[in-house]
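Have a look at the structure that comes next, please.
A, B, C and D are the chain letters, set down in written order, and residue numbers restart from 1 in every chain.
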Amino acid sequence: MIYFDHAATTPVRPEVLEAMLPYFTEKFGNPSSVYKLAQANKKAIDDARATVAKILGAQPNEIYFTSGGTEADNWALKGMAEALRKQGNHLITTKIEHHAVLHTCEDLEKHGFEVTYLDVDENGLVTPEQVEKAIKKETILISIMYANNEIGTIMPIAEIGKIARKHGVIFHTDAVQAVGQLRIDVNRDQIDLLSLSGHKFYGPKGVGALYVRRGLPLPSLLHGGGQERRRRAGTENVPGIVGMAKALELAYQDLEAKTAKIQALRDYMIEGIYQRIPHCRLNGHRTLRLPNNVNFSFAFVEGESLLLLLDMEGIAASSGSACTSGSLDPSHVLLAIGLPHELAHGSLRLTLGEDNTREEVDLLLEKLPLFVQRMREMSPLYEDYLKQNSSAELQK
Amino acid sequence: MIYFDHAATTPVRPEVLEAMLPYFTEKFGNPSSVYKLAQANKKAIDDARATVAKILGAQPNEIYFTSGGTEADNWALKGMAEALRKQGNHLITTKIEHHAVLHTCEDLEKHGFEVTYLDVDENGLVTPEQVEKAIKKETILISIMYANNEIGTIMPIAEIGKIARKHGVIFHTDAVQAVGQLRIDVNRDQIDLLSLSGHKFYGPKGVGALYVRRGLPLPSLLHGGGQERRRRAGTENVPGIVGMAKALELAYQDLEAKTAKIQALRDYMIEGIYQRIPHCRLNGHRTLRLPNNVNFSFAFVEGESLLLLLDMEGIAASSGSACTSGSLDPSHVLLAIGLPHELAHGSLRLTLGEDNTREEVDLLLEKLPLFVQRMREMSPLYEDYLKQNSSAELQK
Amino acid sequence: MYSEKVINCFMNPQNVGEIPDADGVGTVGNPRCGDIMKIYLKIKDNIIEDAKFKTFGCGAAVATSTMLTQMIKGKTIDEAMKITNQDVAKALDGLPPIKMHCSLLAEEGLKAALWDYAQKNQLTIEGLEPPESSEDEEHAHSEAAE
Amino acid sequence: MYSEKVINCFMNPQNVGEIPDADGVGTVGNPRCGDIMKIYLKIKDNIIEDAKFKTFGCGAAVATSTMLTQMIKGKTIDEAMKITNQDVAKALDGLPPIKMHCSLLAEEGLKAALWDYAQKNQLTIEGLEPPESSEDEEHAHSEAAE
């Protein structure tokens, strides 16, 4: 199989699994217990916390483990909204956030909060000026993703952080797609809260983390036992936490070398598609882009049918966000960057990983043009287009 | 090591880990994706859902996977409270619920809900009559645990379910300790919502489930992608879900035989302690009791010091709930059944598992009396007691 | 997600193309919604002698187009009129709930083509109603919610 | 959770017991809170010649009792008065935050015993204040929150 869907999820690395395994069986104790078996697990969690903290430039006691990116996003937004309600009821985000942020914002709107959803340009960018303009005295939280999961555009996070700090507004970033690919420093970027998710960087599913700047009055989202310094209840997912930390550590070993390789492959794929397939466009910013992200729209073709054809060749890809495939609506991200509906429906996302090879990309570049052509020949929209063009020719 | 803390957590069974392993590596796809790799995972989740449903007597589409028992409890309570707020603002629970329920109730109180915390008798029981009396027209939810995690008392759930149904009030039960030990049927017991947690029955940590009776208007707690039929967002913890279902299946194979064995060991331990140690009492109901639970209070002795001494002998046990060890207050459960503070501080919980042997219990019965005596000799309370008694003797 | 039949009908679509001298042509769907289906019919003596389609859409849309055109070929108009979207979905061994609208599209496409035929030949076909204009049709998307 | 030193002091407690003819005895803590410490002192020429304890409490309570009694033996009253709970905790290679109150208890226990000694001998010890009655003391439990 050729796997080009690393933005949806990644396999757990063998080293990561190996680090996790003892915590399922011999080292299975509940970290809250007093005896040695359990205390060793408490230490494993503390070590994992230190690892995560170090990579983000944070302190260990600013890291809270969660069940994933979704919980981290929900917690950051709902928690800060609840904590700061007395100060104001206004939040700022963008139109291209992940649903974990957008649907949470919609839920907050139902509870009396007002949310500004900033437009993005044709490349998926917001400008720091837009953010600054949107701030008003009721603004309590800015939540803007580090990098977009569909089109890979990287936001000007440090500049936004600066503006947030200047205006005394708390700044959350959903860094689920950025962590493991970009070097992040919560102090450099002046980030107050940051979400990440283990399975996006060769760690396990079902575990994530929220960075919470020291001193923030974030209340619990999940109430119960005293775990995570009384802020996130629930028996700790020890193997998951250990695995995520291990995966993060591996991801940032030789990051630059790995990134350079993946990015070269990405650019090779982009060029190859442009050369071989007419009527297509690259979605997302050409350079302010995650090293592993390729996203194209092909006119006259619907995306899912391409996915099926690719799947038959053993190539796994995605059309828009994997997490939204329960819906028929075209991706909100692609609409927000100005694509007409039919082009948004015709999008294909290919996200690379450390193990992808040039040969695999070559196979894609061989097959994809055939599949696009095949679907176009079946498409009444392409038929119309050809007729219009030939009648235009005739009229010349 | 002798592990007597199965109520805190259990090791993952080898068969369970084996079932999970492929989903970390080869079968790692995101179940929301279209291609085969991912669709196989979707099927694995569906199969797991069917397994869990069958064991609870529920339908598969009534089962929602969560990150554990805590999330399930939070979701059930906050979700139903939000959904039914227009109908009323009153909830009924007991004083001996797990903190995942109690602290969630306290959070609801901050948000305008009123909660009745029912007293329990000296054995930890509420009566159906108490529940019925507490119902008023504003009552929207009853949440009463199936069995208590500290003292093992099993509540009259079917009778409470009947009363809840009769009055048209939704009934949630935290069955985290009961699942895997007792046969549960949500229809027989007229349960509307039920929480469970994988790591309590030899499944993995960080995964649980909430049973939600079909038709209940439970809104999401975690917003985001369309997973779990749009009710619980977040990329599914596929290995965790598969492992939990496998563990549940194994738990209910030959349940009665296993239970009989564990229960015999429990009774042997209880008798042994009674015979060997003066000034002690069994906490919890003598017969309406989880088959694996032993909980004693030893006068004049503090519980944690016993845990440390046992730990030095390689015996793992707990003093009160493992999840509350972040706190110094004596267990709310032991106070609720009427223990004075000093006895509550002197409690020891020993919870058995499938693999415990009579030899292990014999070792405990050999060591524990020595340890209790050792701590008593160090205790100023015991000194006072002896002085009072000897002066009482003298006065005779 | 898809049955083998759906995948088969998608991978080996039948009846793709146009009928230049079609007796009835119907277009339904809307690019906004991600699927458009165009059905061509050749009708003689009340019998559908040939049927072809062009479809812009997902795997299910292509598969239902194939299945529908297969099912109606050789049938009388009355017989074809009795084919419902459920029949098409059933013939495909079922469709995921979220994709049932594709089978509806197929049924509507057939009816639009028959309507076109009836209009051209000034006939009335029992039970046949004028299709809604596909351009402003905003067919409600049934989300995957239960 | 506990340092090796704490565990050692708990497993091999020193100075457990009573001093029948003690010159000063102090009891602090409260069974409600889960720990009671009773300190016995034998004092001669301003020097603590012997110290013993009885403690009802957790591992940290026993360990701090051991450590405190070890630390004060042979010291003058003034020297002993300078020992703070931080010193005791430090000598144990630290205590978990949630257990710091045990070291406070040890300090208070010592002071209560010295107060008793001062009262009995009508002395004033500089810096020594009367202990609060341990019975109605509800010493605030510092929870593990940051």
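Simple rule for what comes next: contacts are C-beta pairs under 8 Å (C-beta built on N, C-alpha and C of every residue); 3 or more make two chains touch, one makes a residue touch a chain.
Bear in mind that the values here come from a model prediction, so they are computed numbers and not experimental data.
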More contacts between chains, A-C or A-D: A-C
Computed distance of Cα centres, chain C from chain B, in Å: 55
Chain A and chain C: spacing of chain centres that average the CA atoms, whole Å: 38
Distance between the centres, which are taken as Cα means, of chain D and chain C, whole angstrom: 88
Residue numbers of chain B (touch at least two other chains): 34, 226, 230, 304, 308, 326-327
Residues of chain D touching at least two other chains: 143-144
Pairs of chains satisfying the touch condition: A-B, A-C, A-D, B-C, B-D
Of all residues in chain B, those that touch chain A in their complex: 1, 3, 5, 8-12, 14, 17, 20-21, 24-26, 28-30, 32-38, 66-71, 73-74, 98-101, 103-104, 106-107, 197, 199, 204-207, 220-227, 230, 233-240, 304, 307-308, 310-311, 316-319, 321-327
Parts of chain D lying in touch with chain B, wherever the complex brings them together: 2, 7, 10-11, 13, 16, 18, 27, 31-38, 54-59, 61-62, 98, 101, 141, 143-144
In the complex with chain C, residue positions of chain A that touch it: 300-302, 304-305, 308-309, 312, 326-330, 340-342, 345, 377-383
Complex interface listing, chain C residues touching chain B: 1, 143-146
Contact set on chain B toward chain C in their complex: 34, 39, 42, 61, 226, 229-230
